Amino acid sequence: MASYTSQELMVTAAARHVADGEVVFVGMRLPLLGFLLAKGTHAPNAVGIFELGIVRDSAAPAPILTMGDLPNLYRANWLADTGDAMALLQQGRVDLSFIGGAQVDLYGNLNTTCIGDLQLPETRLPGSGGACDLACLAGRHILIMAHQRRRFVPRVDYITSPGYGDGPGWRRRMGLPRGGPSAVITTLGCFSFDPRSRRMRLETIHPGVAPETIRSETGWPIDLPEAPPETTPPTEFELKVLRRFDPQGYWTGRR
Amino acid sequence: MPAEKRMRLDEAIDRFVEDGSSVALGTGLETCIPFCAGHEMIRQKKQNLVLIGPISDILFDQLIGAGCVRKVQAAWVGNVITGSGYNFRRAYEQKRLVVEDHSNLTMTMALRAGAMGVPFMPSKTALGSDLPRSNPGLKAIVCPFTGERLMAVSAIRPDVCIIAVQRADPFGNAHAWGNLGLSKEACLASEHIILTAERIVAPEVIGSDPNRVLTPAFRVSAVVHEPWGAHPSPMPGFYNRDHQAFLDYQEASRTAEGYNRWKATWIDGVSDRKKYVDRLGSERIQSLALREHLISEPADFGY
Amino acid sequence: MPAEKRMRLDEAIDRFVEDGSSVALGTGLETCIPFCAGHEMIRQKKQNLVLIGPISDILFDQLIGAGCVRKVQAAWVGNVITGSGYNFRRAYEQKRLVVEDHSNLTMTMALRAGAMGVPFMPSKTALGSDLPRSNPGLKAIVCPFTGERLMAVSAIRPDVCIIAVQRADPFGNAHAWGNLGLSKEACLASEHIILTAERIVAPEVIGSDPNRVLTPAFRVSAVVHEPWGAHPSPMPGFYNRDHQAFLDYQEASRTAEGYNRWKATWIDGVSDRKKYVDRLGSERIQSLALREHLISEPADFGY
Amino acid sequence: MASYTSQELMVTAAARHVADGEVVFVGMRLPLLGFLLAKGTHAPNAVGIFELGIVRDSAAPAPILTMGDLPNLYRANWLADTGDAMALLQQGRVDLSFIGGAQVDLYGNLNTTCIGDLQLPETRLPGSGGACDLACLAGRHILIMAHQRRRFVPRVDYITSPGYGDGPGWRRRMGLPRGGPSAVITTLGCFSFDPRSRRMRLETIHPGVAPETIRSETGWPIDLPEAPPETTPPTEFELKVLRRFDPQGYWTGRR
């Protein structure tokens, strides 16, 4: 079996959520790689929308570190305004997006604004970017996170990107037209949300991870099955495609 | 004959950016960020600026580190390929900086409201989020037709908008291409527009393709010829992104002292963009050149 | 590989325009009006259509005269260089037609609201006017931030938008140039988009200039090759306006009988656009050709 | 003295309202000619904005019958969206515009929607187009009208384009941010509005027109001075420029 890094496993798991032909609003960093991997494997007809004002249905012709790299503009379907990309999103034309975050809670609310008090924070983070918009308006969105107790908290300090709020019915009450997080992919496992309680639950555990590690790195008492299924590792082909898009291992930890 | 608006960058910044001005920068998000203009503001020791932009990449961080900034209205402040903006963090955590948190969509609507001359625009984003806690320009409202809950976004009208474009004529007609981000809205919304251009060309060049024009010349206050003005961000048609510069900046800016050393070298240590490019060196410059060209299919604008 | 969307015009109209559909047409205002598509709707005897457009020039009048239309949402219906649209007048005065009166700005905001996926957009126009008397989609509101009085404009989301463009590939990627009117908003707001193109080109041609693209291919339902599809309106890069056709139509349509004779000749009497162009004749066609060409300066989209 | 048509006099009078360097939102027909005449004579730096999404600071290189004729796109400063032209207007960047109309009242309210009752009108007219927007949002606007008793009525049947409503303060109460009609140019004379009462008043009477004609063709008791000054006729130069833009006399009645 191929050797792979934790990030490569996460990106692969993320990519597998993209169905062929779906419209994906693609964020920075790992989400960008996940989209490229999906396009290069099982979802060749996926369409990518980028907040810079880019729509493309082919992969960039050369490796890119970020969505603003010129190969990502080359032969795009549309180079337009951010407002045009946001129009497609707000209308409901986006099936799926990926968001990275610093702090998440059991309802999938995400914080990328500040750790601690907003006025006197322990750490000020970069902010929403497009993440709030994706969490509010995409058909579904997937969170990609490092799994650490300080990040997996019972209640985030600041909701940058709404998940299920305080539980069932919250999104509707807030006026959000659709969506919600469908999965969380972490350094330890893959999670989904119980359709009734809207609480995060384990789907698969990454190879070599002990359930106890997940319990201890999660800041709320998370229910775990006795013997959770393992996350399917990346195939040789997936790794090959992934490494074509990230040849230096900049994002996938091989540098 | 319309007025010539060509001037040097230091003149343009001196004339149109005052202490306390609100300045829209980096409206292309990751491309065409007018680093040259931000650096000149730092050299001129502007104070109490309000910076407006969706994702500023590291330019906002540099201006904050130099003590030029009172407030930021932005969706994201950091370093796109590495994450944190350390000067931004330090300034906020030490309560030297006010931040009004936007998302990319609320910033789009804020500038679009400014552009359209209305005091607000409605959206369906940020509902349920905490953004209204750190942005008084966001308020939940009810649709007068459907009764549904919406997020109203208050207009932003910058004093100045600075845009890096590919080519301009001396009268303010200019071509911009690539992903355009919020640039059109920012130009329309702003009182003054400064264009920094990779090339100055004859009016006939711009007039051959009026669809490629970003904003009408009569609204432009200054045209500045500034090759490599957007480095290290990419400029479609001219140069690629200089990733190493972003990585180097990340390392340098981890401490205030490190940032000051970086600033002494790359901003205060060069009197203008020409000297900055000299310092980068021809090898570095050549490594960023386009290798694969793609020339647009002609369109006929005749009659 | 994305799906090919190329089809004949009659197929496209048959598939995507149903009786009762709301159809946006003439969103370039005076240029690029898809007369070919309107005529095909008349030939197919569509019923109870809702026509949406800012200034339709005479196309709306023709569809109304043929009995295809139940309602018009427009800022202006007539004949730009002569004034009245007689079928429009007759149908309204005989209570066979409902009109929702817009201004160009309220129509822009209605389609932009549809495009942005919000139920309304605010404006400062039409306050004090009687437009709300003949348009339930206009309502005065108060700004939640400033307290000022504003006119809210309800979103319009057409079932179909038909746009005449210069060139398209078989997958729905297309270039449009000239004044664009409300075309971008109309495409974004509509459920289906039909493109009629003067030329069908290879994807590489469109991909060489993604800034010239009006709307992303994945949103396009049909691509139709229809040279002279916008005649008698002008098509930048291809042909000038045929003023005589507008004058002739004015005379012909003064009476219902006159209109019916005109329709028998120019719509029912030609089975498709090719036959229409044949009937115009080569001399007429040649008189509309561009005499003065102006080729756009190239832009490089490489890396 | 040169001979000229009534329309040529009206267009010339309209053109003279354009100051050099002003931004003019240019409408269809006579207003279009007025702008071209001003550009070709005393206001070479005037900028024209057209609702189709056109901004240009030079005259079209060939005669045009309407703003969508391709010469009006040739070497424009900007070819953009209608929304962009409207943005400039709504923001207050437009100094002046011209509007034609079918029915006007003493406060300068204009009707281009219907004569008679809205539901069962005597005549249905084309509607607003951009006229309502110009009347609401330009710095000032000028009406160009045929002067007939059936058109000059005490109260219009429908306000398509607001003037001063029912008098002083009305525009502010309605929420209109600026503007109002500054002049009315008719087949009989040139009119302005009293700054206090906001009522239409005669400024100059066209050569050869009797004051009594104005009184009888105006549907309300209009005050006229004893000996009103005459409208200055077009100069040879103005006629020469004007006829260059309308060589067939299509708009100016020489056909």
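Order of writing sets the labels: A, B, C and D. Residues in every chain begin at 1.
Everything below uses one rule, namely that a residue touches a chain if its C-beta (ideal position, glycine included) is under 8 Å from a C-beta of that chain, and two chains touch if they have at least 3 such contacts.
Because the structure is a prediction, the values reported are computed rather than measured.
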Contacts common to chain B and chain D (chain labels): C
Intercentroid distance (Cα basis), chain D paired with chain C, Å: 27
Distance from the mean Cα position of chain C to that of chain A, given in whole angstrom: 40
Distance between chain centroids, defined by C-alpha means - chain A, chain D (Å): 57
Per-residue multi-chain contacts in chain D, two or more chains: 61-62, 69-70, 73-75, 79-80, 83, 86, 89-90, 137, 177
Chain B: positions in contact with at least two other chains: 116-118, 123-124, 148, 150, 177-178, 180, 184, 207-208, 211, 236, 240, 290, 292, 294, 301-303
Chain contact topology (line, ring, star, complete or other): other
All touching chain pairs, where touch follows the definition stated at the start: A-B, A-C, B-C, B-D, C-D
In the complex with chain C, residue positions of chain D that touch it: 28-29, 50-54, 61-62, 65-70, 73-75, 79-83, 86, 89-90, 113, 118, 120-121, 123-133, 135-137, 158-162, 165, 170-171, 174-177, 250
Contact set on chain B toward chain A in their complex: 28-31, 54-55, 74-78, 80-81, 83-85, 88-89, 92-93, 95, 99, 101-106, 108, 112, 123-131, 133-134, 140, 148-151, 177-185, 233-234, 236, 240-241, 243, 290, 292, 294
Contacting residues of chain C [partner chain A, same complex]: 1-2, 115-118, 173, 184, 188, 204, 207-208, 210-211, 213, 215-219, 301-303
Interfacial residue positions of chain D with respect to chain B in the complex: 23, 44-45, 47, 55, 57, 61-62, 69-71, 73-80, 83-84, 86-93, 137, 177
Chain C to chain B touching residues, read off their complex: 116-124, 137, 139, 141, 143-146, 148, 150, 152, 154, 166, 175, 177-178, 180, 205-209, 211-212, 236-238, 240, 290-303
